[in-house]
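Chain IDs A, B, C and D follow the sequence of writing; residue 1 opens each chain.
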Amino acid sequence: MTAPVIAAEELVATDDEMMMIVAARELRNGVVCFVGIGMPSTAANLARHMHAPDAVLIYESGTIGAKPTKPPLSIGDGELADTADAVVSVPEIFTYWLQAGRIDVGFLGAAQLDKYGNINSTVVGDYDHPKVRLPGAGGAPEIAGSAGEIFLMLRQNNRAFVEKVDFLTSVGNAEGGDSRQRMGMRGKGPSVVITDIGVLRADPASGEFVLTALHEGKTIDDAKAATGWDLRISDHVEITAPATDEELRKLRALKAGEL
Amino acid sequence: MANITTLSDAIATHVRDGQTLALEGFTHLIPNAAAHEIIRQGRKHLTLVRMTPDVTYDQLIGAGCADKLIFSWGGNPGVGSLHRFRDAVERDYPHHLEIEEHSHAGMATRYVAGASGLPFGMLRGYVGTDLLKYTPNISTVTCPFTGEELAAVPALTPDVGIIHAQQADRHGNVGLWGIQGVQKEAVMASKASIVTVEEIVDELDSRVTVTLPSWVISSVAVVPRGAHPSYAHGYYERDNDFYIGWDSISKDRDSFDAWIDRHIHQTSDYAEHLRLVDQEEGVLA
Amino acid sequence: MANITTLSDAIATHVRDGQTLALEGFTHLIPNAAAHEIIRQGRKHLTLVRMTPDVTYDQLIGAGCADKLIFSWGGNPGVGSLHRFRDAVERDYPHHLEIEEHSHAGMATRYVAGASGLPFGMLRGYVGTDLLKYTPNISTVTCPFTGEELAAVPALTPDVGIIHAQQADRHGNVGLWGIQGVQKEAVMASKASIVTVEEIVDELDSRVTVTLPSWVISSVAVVPRGAHPSYAHGYYERDNDFYIGWDSISKDRDSFDAWIDRHIHQTSDYAEHLRLVDQEEGVLA
Amino acid sequence: MTAPVIAAEELVATDDEMMMIVAARELRNGVVCFVGIGMPSTAANLARHMHAPDAVLIYESGTIGAKPTKPPLSIGDGELADTADAVVSVPEIFTYWLQAGRIDVGFLGAAQLDKYGNINSTVVGDYDHPKVRLPGAGGAPEIAGSAGEIFLMLRQNNRAFVEKVDFLTSVGNAEGGDSRQRMGMRGKGPSVVITDIGVLRADPASGEFVLTALHEGKTIDDAKAATGWDLRISDHVEITAPATDEELRKLRALKAGEL
């Protein structure tokens, strides 16, 4: 009778798995989603195998409607092209598709984030003499500007969730209020941040991110301790529904390339 | 018409110290063999242009070939940092590296402007970002019809554009398929161009979606597996183990130098390097 | 996702009096069946956009559907004049036709701007021409880096873009190949779009070079030979005799009216018109 | 012995044939030529079958390196795509190829022409109330601006060769001298006009077209009578070499689709 016990153990989600499962749940079926590589890509593909089979995944390598069977290591893996409805050039993906306003959701990660969802993916420390030189902007600034809305996902800790980002790579809700709209941005900006602790949503008026849900076993204190600004807490913090067996099995199968 | 020649000859003919080079390939079809040959021939003081300076530019930067980098995303895709790039930016090793940093959309726009014979391109971008503070060549232009303000970026017109493709025919017409990135634009924006190909064929594959006619290319060179560790759709897959293995090789200055010496300076061509890679598979994993 | 429906339903759903329509197809894949259906449904006061208003717009103009034409070359390719177009411009028959005239490069730039979500596009063009005197929406923009002055033209964003393609799959993803013109741009610049196709297939042909995903298209309708007298690469050839025959039909107002009546108003769909054309072959030649 | 006599009769070039043969001779092998439909296209394809097998013919329909076996009726005939090295979109042909300066020769016709090679293909008479509404600009203005040089061919008569064009559709040598260069045009403009009477070449200094050659049987008086401005005559007017049998046979075979 050992086998069922092992299976039960396996079906407890890790923090990262929980983050990806909760992120996947945010994507409605039929959504057109511009996907960043790594966890956003994994979450989006999980959604496609769960409740959102008609989600259209677009990668900045020019693959439109990609349906990879395993999470691509790079943004331009051959499987993305093989399974896509269309493959276009990189200039075209940023003009006819992103800039033209055809993307519902931009799904991004970040190295640093402030309370308005402004993103740093460029440097930690001073730009000219950085402590850590990060990869840089990539597609993010224009995804953040032109996609209908932005979903963010990253592990919550106070090196990442900061009072002020060291470098503003991609504009989120700017300085809050209507400051983003006044910049002439067409998309409405980041609406949700999914972390390994819980879910933060943008206050519609102020644009500030507020803790609205905690994953099972996490506390408001965990969230506050992992946040470098004075985190606002919703009056009604929900507890995230636990990962279902199907979600976890599909996530693990996806990562193993067995879906 | 393109001159069909060896890679060594193509680099020796077109690439000079102090030039601006663009080696393009968006994850797919990265011209890694050409980068090796540039290191082997000892070119210096280059301005390197590339949207995604990954392992290939990590090698050129670490080997001291570059004075300046123009880019939009510098990482080892799916793995993490580019250690030679970071060492140059964070600690000026092996020497100072000037950087000019854009977004992908901005870089793509710049290549399109260069390929189109326009002095600049425009986009909805950069607004509100700190790129405006640190990258001097981002400006604005106002729509004469609506009064809207848009970001403006100058055309890229490299001295030499270098790409890898699957095939050329015997006239030097080049065909590629799969993810096409900005390769066409990089060739057409550049004053001269080199294309390495997997093979020369009598007739281009029916899957070809981008054809660069021979007369827009300076030189074509056959280099089988010339994109490795990147991939060539229809020929071979991405060598993800190499990218993962590169992390530890490049983390340490001495192990990097030893690798460059063994894989580039002590080899005569890319085929010899690839034989070493195949032998060392266990070491890299 | 595109709604797969009949042409009659697609036109009835999307096309309203007074709208701006773009029917594109550069010699190849001209959506002639859709133009017939617009005439059959009696649409009026349209602004018609098209780089090359040929026989298809001659019919729409002669039938009195258009108040305005935005174009760059209005002729019967290889044959001569468009008589209904000329009658409208030279003699205000059947009524005055306002014209807004550009060059091909300018029109292509305008579609690209529309498809890209930009308010305008720029080009090296129009300098020194009398188009500047008669076409008010040509302006200039100055390069913020070099000071060069370039021509600026406003984006085209038609209410409905209509094209013909070879194939759609059962999801409504559209594929076309051969000469592609500005069809993709016309669809992507427009607020709604209709694509007529030769057939619906399980899987798009391997020759497809342009794919428009279902979710950027409003309606797809199957109309075999829907591009006739234009052609569909891989399906049927251009009916040059029809273009030559059109010259005499369209020269005379009465013979034009009789033709429109017989071929459009007295037919229920394009298939019926095509049967008449096949019968009348001798008359047209 | 009747057959040879008929053959000899057939091998006398008509005026139009002579014009196309002389135009074909102007194209050097390897030239990259942006070809207008009609006679320029026929002449360019004749050149390809004679001395210029490596001439690259580009049509504005996006066909690059087209090698049609018969003169296309339209600029976008299927055979152009079938025989081309590459087929690109219409926006691309005007940007990456023409505007970028990759075209050596733009080969055009015209309805009206002035002594500086300025072209009208828009209207005869007043623009708002035209006597004859012509097709309009098409690709010509930007071909005339961006191609390395322009070859023109049209039948010479004083309705076409006019003192002042009714509408300036495409700029030639502007008002002469360096007026074209001062407009910022990149290509050097029209260099030769091939007609059914002879050949006119642009004076390098003034930009004015000067009669430099006459086809066999044509006279300076013919040329002057067919020109609406006071035609300058070169000090050394050459007599065009007559059409060779091979040129005429190939031209006729090309037009019959038998090449």
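Assume a contact is a pair of C-beta atoms (placed from the backbone, for glycine too) under 8 Å apart; a residue touches a chain by one contact, two chains touch by 3 or more.
What you see is a predicted model; the values in this text were computed from it and never measured.
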Required minimum of steps from chain B to chain C, each step between chains that touch: 1
Third chains touching both chain D and chain A: B, C
Chain pair with the higher count of C-beta pairs in contact (A-C, A-B): A-B
Chain C-chain D separation of Cα centroids, rounded to whole Å: 29
Chain centre separation (chain B, chain D; CA means) in Å: 42
Multi-chain contact sites of chain A, meaning residues that touch two or more partners: 95, 99, 146, 186
Chain B: positions in contact with at least two other chains: 112, 117-118, 123-124, 148, 184-185, 209
Touching pairs among all chains present in the structure: A-B, A-C, B-C, B-D, C-D
Interfacial residue positions of chain A with respect to chain B in the complex: 37-38, 60-63, 72-78, 80-81, 87-91, 94-95, 98-99, 122, 127, 129-142, 145-146, 167-171, 174, 180, 183-186
Of chain B, residues touching chain A in the complex: 26-28, 51-52, 71-75, 77-79, 81-82, 85-86, 89-90, 101-105, 108-109, 111-112, 123-131, 133-134, 148-149, 178-182, 184-185, 209, 231, 233, 237-238, 240, 243
Of all residues in chain B, those that touch chain C in their complex: 117-120, 122-124, 137, 139-146, 148, 150, 152, 154, 206-207, 209
Chain D contact footprint on chain B (complex, rising order): 1, 112, 115-118, 173, 184-185, 188, 211-213, 215-216
Residues of chain D that touch chain B when the two form their complex: 30, 32, 54, 56, 64-65, 85-86, 95-96, 99-102, 146, 186
